[in-house]
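Labels run A, B, C and D following the written order; every chain starts at residue 1.
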């Protein structure tokens, strides 16, 4: 297995270097996507299937759509920063190498035995009623991070929306190409039912096995993007109440249950022991929808059509 | 019985992997996009099919086996669409030129 | 050594409210639509201010830090929140500035012809509220990863504020700011990962006891501090700040300059004082002081050379941030006197607060000037003091604080720092503090001089500006002056909740 | 030597190298889009270091420490949001600087 790991690491580093030196923008991005997929494999080798799913869905999937669309929009007029001078580049290369070296040194000198919270997490796991410790960390032990992170995603979305011209504020983004190729339209009709089933499945098993809100949300987001890009259903106006409700619904339910903890459990974000699992599943369900809507709208970008009044 | 199944797995997965290798070689060696596409899609479909077929006896449950079959079907669907889209793009570029 | 553990104190839930209330308002705005944004924001201001004051009152009455263990999951598995005296001061200061700026923006929005719900106005309210949550989360955060999420929340709230007007220059500034901020937070995150790998906890209180001299911790702290410096815009990582802060609308500039860059500074303070082992802290302190001194001198000169008022104020921000970094060697504690018992510590904290108030006042005054005359070219502002006396007064009073002239908060802060430098026999830092004061005097007087000038062609306002608008700036400037009346000695409030933490300083 | 080949160390070193590569790209690459990609490589390197830390935390009954893994999942989502915001800014900038030629033509590529 060590040989496999070494090959994987070598490949990852080669691809990363290729992304940096490749002159053609699109080739670089496609190389980056390959890098993202291989990274998923690395996560499997690190015994982190939850992260592997997230990495492949987000790092290899949705980021890919985002970057390729950006490349297409910027082609020929990509904004260039002032190019670095040769000495500047050398200095930065030296600095980056120093950071890498320091980091490698730190990784090699970590104290042994390695400190771990795995036993503590396993001990606290029954109180949550969950079987997947990663989900328990995300939605119980460190739920405050997850809650704030949801707000971060929504904030990024509002930030993206705020980049629309004033006249288009509140309007709909545009994802549909001028002419939808037949196969894409076909895929847009056939795949989403399967995708939705897979998304729901990932959310459902996430309580006890690898999977969970983020992975499921990303799959659902991809399906929605496919439908919008195939021109089967136009993106909604950003002021549509249903969209806003889905976006805010997950965090609002999360907050409501968090505040109820003051009255019915040990305080903010604590769950009553008997109800922990159903409550967490309810939060996860709402969050999955919120994540799906937010990620898809993040890829779709700011409004490009005036809102329907 | 299990030894027989294990042997089948080893053989099928090895052949599948070899097909992938052949597809990758084709991708690197063939001169133009369409023939590369041809090589990679053939090898991929068959290779993945053989590997999944080889893994089927190893799956612990019916549900697990069904998941493997689903993976193959979905991969078929996406690979077919992707090749179609790529071929169209090649065609469009040629006619434009 | 008895291990310190977090235990929820009475009133600890206030910390949760401080962090979560503005977020609730953001979600409410998202759910109910842009038209109600201003109303929800104004209601949240009242509630948030009340929470901040309640926290300060609780700190004073109990004399101990407030703690809250979120979800009753003890760290290191869970997350704790904690507010000591310094956090309490930051919370109150943040609430004051946010509320004053919010009222200013509300009056300013009222001047515009279109009804509420527009792009720039709605975005401003959402981002201001999110920013408040993020700042409070940074000030009460006790967990390194929780702090990372708070920092990212801060970035995502601050960047859209920079390019609210949607011009190409401001979008460029926003993009550059975003990239700097992202690199900064990623380096910080990397350091947090190394610390977890070495100690198995992300809890600051636990780390204060566990931390020892080892290479992983040194690398981690170096990465985190460099990342935070990029966010705090200390020389030479300040390049993103002037275009970003000068291009934003005045209320946005005010919060960006007064509050947003204080969050990374606050975290550096916590890392150096609470986590770093003494020798490492001493080395880091020296290096930070050199950069701080360079920042003061270089950016004061740059401020002096700016033709536009807002750019001048933005450069002045970088210079004033420099003062916060020369605190580190001056506040180096000794066996019998912990760092937070020194006068330099009090001076640094006062500088943090008084600069926030003064700088917000200055940017708001500059906003009034731009609103009235349609530009902010200093050369063409001759005699503006006759047209806008209140704003000129606000600018002047805020200027007192930046220069360090009595009576003002800045005077007390700089006086304490100067005294500390002299007592410690550190002539270079003493000279830097004095030179920075003189340079600040030069750039502030350049504007005051224009305000009082009698030009041959009297300047006329393009449009009338209501007095209410000017009063928000004046109120902040007066607050900055009032801080100058605290006594010149180590300030007890700032030491609340620090006594348990001197373990890292014991030899 | 064998210790280096443990996944918990090997991928940590890989992450360290990726951090350097990503950092170099973010600071020096002339194309702004590539800088955003560089940021993602930097992030990937950092997450791998977390992953290595998690893998080292394996014990009897656990393959890895779940806490750093959960942090990475949060981090990946935040990193994606950051990329989306940066890409939106970049596109807006291109629209603003390329004078106001009709509607920007991004519709050609569906993907």
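In this section, contacts are C-beta pairs under 8 Å (C-beta built on N, C-alpha and C of every residue); 3 or more make two chains touch, one makes a residue touch a chain.
Just so it is clear, the model here is predicted, and its values are computed rather than measured.
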{"item": "Chain pair showing more contacts of the two, A-B and C-D", "value": "C-D"}
{"item": "Distance from subunit D to subunit C - Cα centre to Cα centre, in angstrom", "value": "29"}
{"item": "Distance from the mean Cα position of subunit C to that of subunit B, given in whole angstrom", "value": "57"}
{"item": "Subunit B, residues touching no fewer than two other chains", "value": "none"}
{"item": "Sites on subunit D at which at least two other chains make contact", "value": "19, 23, 27, 32, 35-36, 49, 52-53, 56-57, 67, 71, 74, 78, 81-82, 85, 89-90, 92-93, 97"}
{"item": "Per-residue overlap in subunit A, given as positions that touch at least 2 other chains", "value": "99, 103, 107, 110, 114-117, 121, 137, 141-142, 145, 149, 152, 156, 159, 163, 181, 184"}
{"item": "In contact (per the touch rule at the top): chain pairs", "value": "A-B, A-C, A-D, C-D"}
{"item": "Interface residues, subunit C side, partner subunit A - complex", "value": "8, 13, 16, 20, 23-24, 26-27, 30-31, 33-34, 68-73, 76-79, 118-120, 123, 126-127, 130, 133, 137, 145-146, 149-150, 152-153, 156-157, 159-160, 163-164, 166, 171, 190, 194, 196-201, 214-216, 219-220, 222-223"}
{"item": "Subunit A-touching residues of subunit D, taken from the complex the two chains share", "value": "4-5, 7-25, 27-38, 40-41, 44, 47-49, 51-59, 61-67, 69-74, 76-78, 80-85, 87-94, 97-98, 103-104, 106-111"}
{"item": "Contacting residues of subunit C [partner subunit D, same complex]", "value": "77, 145, 149, 152, 155-156, 159, 163, 166-168, 171-172, 174-175, 178-179, 182-183, 186, 189-190, 193-194, 196-197, 200"}
{"item": "Residues of subunit B touching subunit A in the complex", "value": "70, 74, 77-78, 80-81, 84-85, 88"}
{"item": "Interfacial residue positions of subunit A with respect to subunit D in the complex", "value": "2, 5-6, 9, 12-13, 16-17, 19-20, 25, 28-29, 32, 35-36, 39, 42-43, 45-48, 50-51, 54-55, 58-59, 62-63, 65-74, 77-84, 88-89, 92-93, 95-97, 99-101, 103-104, 107-108, 110, 114-119, 121-122, 133-134, 136-138, 141-142, 145-146, 149, 152-153, 156-157, 159-160, 163, 174, 176-178, 180-181, 184, 212, 214, 229, 291, 295, 298-299, 301-302, 304"}
